[in-house]
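Across the two complexes that follow, chain A remains constant while its partner is chain B and subsequently chain C.
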Partner chain A sequence: MQEIPRKNKVWALIIVGFFVLVSLVSYGFHEYYVYLQAYLWFGFIYGMCLQYGRFCFASAFRDLFAVGVPRMVVGIVIATMLFAFTSAFVNATGWSTFHPAPTSIHAVIAGLFFGIGMVFAGGCASGSLYKTGEGNGVALMVILSISVTQAIFVDIGGWFNKLVPESWRLSAAQKGLPPSINVTDGWVDQYLAGYVWNQPTLRFAEMLGMKTDSIAGAFLGNFFVGVVLPATVLLIWVYSVWVRKNVVKRAMESKGTVTFSDHLNGFWGMVTSSKRTAIAGLFLGIACGLQMFVIEGLRMKFGVKNAGTLLARLGFDYGLSAKGTVFDPGYWYVTTQEAQWVGWTLHKLTGINFMDNIFFGWVNGIPNPAFNPADWMSVALIGGSAVMALLQNEFKFKKPTRELATWAIIGGFFMGIGSRLGLGCNVGGFFVRAANGDPSGWLFGIGMIGGAFVGVKFFNWWTERKMAKEMAELEFEL
Partner chain B sequence: MAKIHFWIVVIIVAGFIGFMIGYAVPPFMEVGFGKGQAVQQGVSEEELMKQYQQILEEGGGGESE
Partner chain C sequence: MAMKFEKKGEGLYMLDVKGYVCPHPQIYTKKALEKLRSGDILEVVFDNPSSSESISAMCESNGNEIVEKKMEGGVFTFRIRKS
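Our next item is the complex of A and B:
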C-alpha cells in the first residue's frame, strides 16, 4: 500500500479547516449564509467525487475516439443513469429545483462547439475544475479562458449585430424587456430572446402525457424512457463499435464459436469495467438530488425564490439583475458562475456596462464573487478535489508549457461559446438535463460527441503533421 | 489513500450536510412531502419585485458591498 506523505494529510485538513471556518464565521454573521454554505459543501462533495472517479468528458471521448478505450465513457453513461434515478425521486415529490431548457437544434450546435473545445483543451468544464484541484496549471488556464470568453461573448454587440437575422431582432424587441437591457444590441441577447426563448421546453414525462411530479412521470417517463433507453442505446453503440470485436476474437480463439451469452458477458464486463467512475457517479447522483432538496427547503424556510433576495436582505444589492435575482440554479452547475466573476471584474475594472445584456442584467446578475452562491460551489469543488488528490497522493503542481497553454486557451474559447449557446456545459447542459428527462440534454450530448470526434480527428492530424515536421528537421540535422 | 484522514473529512462533510438537511426538512414537513406544492410555497414574482423595490428605496440603490 502506498504511504501518503504527512504534509499531504496536513494540507488536506487545512483545506477542510478553511471551509469549516468560512462556514462557522459566516453563520455567525447571519443565518442566511446557510444558503451559501449549502452550495459550498455540495460543491466540496462534487469535487471529491469528480477527482475520485476521474470524471472528465474530454478524457472519456478522447480515449474512446483516439485509442478505442470505452471505460470512462461507459462510466459517465452509468453515472448519468444513477443520477437520473435519484433525480426521479426528487422530481416525483415535486420539490425539484430543475427547470428544463428550450429544446431545438441550437443545443446540438452548442454541443458541437463545446465538444471540439473540450478535446482541444484536454478537459471539460467539470474536468478542468477538478484537475485544477489536483494542481494542474493547464486546467486553470482552461477555466480562465472559458470564463473570459463567456463574459465577453454575452455582451458583444456592435458589428456582430449585423449577423443577427431580422426575425430574431423583431422577436427579441417584442419580449417587453426593460430599456436597461437594450435587447436589440448584442448578438447573444437577440439569440436568446429572439430565438431560444421561442423554442419549446419539454420533458419526456410531459411528452408521454404524464406529469413530472408524479411517480409514473418521474420514473417511467423521465427516468426509463428519457434516460435508461437512450443510455442503453449509447452503451450498445459503444459495445458494437469498440468492444464487440474483442469479445468475438476471444470467443473464437477459445471455443471457435460466438454465442449470445458471450455478448451478454462482454457487455456486462464493459459496464462493470469502470467501477471507480460509476461509484463516483452514484455519490454525485445522491449529492445532486440532495442538493435540490436542501436548496428548495432553504428557499421555503427563508421565504425566497432566489438567492438575490437573501443577498439584498444582507445588504449586498450590487450586481443583482434587473429582477433582483442572481444565478441560483439549486443544483450543480459550472460555467455560468465562471462567466459571472469575470463579468463582475471587468464591470468594476473597465467601467464598461456588463449589465445591459440578458445573461447578466436580466437573469444572473454579477454579484461580488465573495457572495455569489454558485461561486462558493466552484471554489469548494476545487477544494474537495484537492483534498481527495492529496489523500491519494495524486496532487502535483504542473506548470503549463507554451503549447499546452495555447491549446487550453483555444479549447476554453470554444467551450465558452458552446456553453453560452447551449445555456450550459457538459454538466448543466448535458449531465443534469439528460438525467432530469430533458431532451435538450441529449441533443447537447449528441453535439458534444460529434464535436469530440471532430476534435480528436483534428488533433491526430495536427500531431502527425507536427511529428513529420520534427522528423524532417532531425533528418536534415543528421 | 490516507484512510483515517479521509474518514475525518467525510465526517466533517456529513456533519455540515446533516446540519443543512436539519434546516431544510422542517419546511417540507409543514407543507407535506410528495404533494408537489413547491412552486406555490415561495414568494411570487410580483412580491419579489415589490420586495426588491422596497429594499432599493430604503437603501437608496447605492453600492453597499
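Our next item is the complex of A and C:
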C-alpha cells in the first residue's frame, strides 16, 4: 500500500476540525444543538463506513446482473441483519423512533423507478453522497437532480391534477387537512392523502400476533421472521444462480465430485468475499441502531417529539410545517432533506409557495438548511467519506463528462420520482424499513431489483454499442 | 473523457475508462475481456474506487488472473490475464 501524502492527512484533519468546531461553537450557543450534532456525527460515521466498504446499494443488484459479482448484495444483507438486530433491541425497549410505512403495490412501483434511476445514475441516493465525498462531480450532479426533481414533483399541480383518479381526490378531500395545504391541488398530495394513507401499516411482529415493543415481537417477529428468513432466502438465491456453478466447476476440476461441504464452503466464501464491505456493513448496522437510541434519548432529555419544537425554542420558526414539525426521522435518511434544501431555496428565491403541499407544508417543513438536523447528517456524511477517501489516497476531483452528466440527470430524475412515490430511497424506503420488520421495505427492495435488472439490460446494450465502435479498428481472431 | 480501447502490443490491450463512474468501468472491462483470447493481457485504467472491488471480484469469479494492481493518486491500473 502506498504512503498517504501529507496534504491528504492535513485535509482530513481540517475536515474533522471543521465538524468539531461546528459542534463546539453551536453547543456554546445552546445545548439544544446537541440534537443536531448527534445527526452530524452519525452522518460522519455513515460516510466513513460507506466509503471504506464502497457501500452502494446501486451496485448490489447491478453488479450481480451486469458482471455476476455478489459482494455488495452480501454486504447489504449483512448490514441489514445487523441493523435489524440492533433495531430489535431498541424496539424491545420501546425507544425506537421508527414508524412503519403504508404497505401496498405502490412500494414496488416506487422501487422500480428508483432501481432504474440508480443504475442510470451510477449510484443510489446514499452512494451518490459518499461518492461526492470522494470528489466525484457526477455524484454531485446526481444529488442535485434527485433534490430538484423531488422538490418540484411534490408541488406539481395544474395539468397534472387531471391525472389524479376521482377516488383519490375525494378521499384526499376527506382527510381534514388545513386549507393552507390545498390538498386537491397537487398530484402527490392526492396520491398521498387519497391513496397511500389508506393502505395498512404493517410489521411482521403484529402480523404474527405479537407486539413490536416486546422481546418476542422484536426478536422473533421483526428480526427473525421479518429479516433473517427473507435475507437468507435472498442469499441462497444469489448463491444458487451466480456462485454455485463456479463452486461446482472448481470441485469437479480438483477432485471430480461435489459434496455438501463444498457448497457450505462456497456459501461462506461468498459471504466473506469482500472483507471491506462486510466490515463496513458491520459498523453501519450497529451505528444505525445506535442512532435511533441516541435520538430518542435526546428527545426524552429535551422533552420533545420532533426537532421542530427545538428549532422554535431556538427562535428558528421559519419553514416549520403546519404542525410545527420538521423532518426528523431519528435514523439514517437521505432524500427528504435533499428535497428540503431545494424547496427552501426555491421558496426564498422565486417566492413560489412551496408550503402548500403535504410533503413540505404538513409533514417535513422547509427549515433553513443551516439548522436542519437531517441536512447536518448529509453534509457530515459527505465529510466522513472525504476523510476516509483522503486517508486511503482515493480522493480525486472528477469533472463530469457530458455523457455522464446526462446519465446523472436522468438517473437522479428517476430516483427522485421513486423516492417520493415510495416515501423514501434505498435507505429510508428499503434498508431502514426492512431492518425494522416493515414489509413495505421488502416490497420497495423487490421493485429496486426489478428496476436494476431493466437498467442493466439497457446499459449492456449501450456499452456493447460503444465497445463495438472502439473495437471496429482492431482485428480480433474470434 | 471518452472511453478508449487500444492495442498496445502483441496480446496486450489497454482499456482506459478514467472519469467513468459505476457501472461503466466494470461493464467495459467485462465486455473487453470477452473479446480477448486466452492468455491476452488487458490493462484497465480507471479512477472510480468502487470499481476496483467489483473488477477484482469479477475476475476471481471468472477465473481471470489479476497479475498486477497499482493505485497512484486515485488512478487504478489493473493488468488482467484472460483465462
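Here is the rule we use: the second predicted complex is superposed on the first by the 463 of 478 C-alpha atoms of A that agree within 3 Å, B and C clash if a C-alpha of one lies under 4 Å from a C-alpha of the other, contacts with A are read in each partner's own complex, and residues count from 1 in each chain.
Please note the rule applied: a residue touches a chain if its C-beta (ideal position, glycine included) is under 8 Å from a C-beta of that chain, and two chains touch if they have at least 3 such contacts.
Please read these numbers as outputs of a predicted model, since none were measured by experiment.
A.B. asks: Could you say whether A:D213 touches chain B, chain C, both of them, or neither, answering first, second, both or neither?
C.D. replies: First partner only.
A.B. asks: Quick check for you: in the superposed arrangement, does A:A12 touch first (chain B), second (chain C), both or neither?
C.D. replies: first
A.B. asks: Using the touch definition from the top, say if A:E296 reaches chain B (first), chain C (second), both or neither.
C.D. replies: A:E296 sits against chain B, while chain C stays out of touch.
A.B. asks: Contacts for A:L404 in the overlay, against chain B (first) and chain C (second): which applies, first, second, both or neither?
C.D. replies: A:L404: touches chain C, not chain B.
A.B. asks: In the superposed arrangement, does A:Q190 touch chain B (first), chain C (second), both or neither?
C.D. replies: A:Q190 sits against neither chain B nor chain C.
A.B. asks: Is A:S26 in contact with chain B, with chain C, with both, or with neither (first, second, both, neither)?
C.D. replies: After superposition on chain A, A:S26 lies in contact with neither partner.
A.B. asks: Touch test for A:R276: chain B only (first), chain C only (second), both, or neither?
C.D. replies: second
A.B. asks: Which partner does A:R62 contact after superposing on A: first (chain B), second (chain C), both, neither?
C.D. replies: In the superposition, A:R62 touches chain C alone.
A.B. asks: What is the contact status of A:N136 with respect to chain B (first) and chain C (second): first, second, both, or neither?
C.D. replies: second
A.B. asks: Considering only the contact definition stated at the top, list the common interface residues of chain A for chain B and chain C.
C.D. replies: 392
A.B. asks: Tell me, which parts of chain A touch chain B in their complex?
C.D. replies: For this pair, the touching residues of chain A are 4, 8-9, 12-13, 16, 20, 23, 34, 37-38, 41-42, 44-45, 48, 92-96, 213, 290, 293-301, 303-306, 308-309, 312-313, 315-318, 320, 323-324, 368, 387, 391-392.
A.B. asks: Within their complex, state which residues of chain A touch chain C.
C.D. replies: Chain A reaches chain C through residues 2, 51, 54, 56, 58-59, 62-63, 66-72, 119, 122-123, 131, 134-136, 138-139, 242-243, 246, 273-274, 276-277, 389, 392-396, 398-399, 401, 403-404, 456, 459-460, 463-464, 466-467, 470-471, 474, 476-478.
A.B. asks: Which chain C residues qualify as touching chain A in the complex?
C.D. replies: 1-7, 19-24, 26-32, 35-37, 47-50, 52-54, 57-58, 60-62, 71-75
A.B. asks: Would you tell me which residues of chain B are touching chain A in their complex?
C.D. replies: Within the complex, chain B contacts chain A at residues 1-2, 5-6, 8-9, 12-13, 16-17, 19-21, 23-28, 31, 33-39, 41-43, 45, 48-49, 51-52, 55-56, 59, 61, 63-65.
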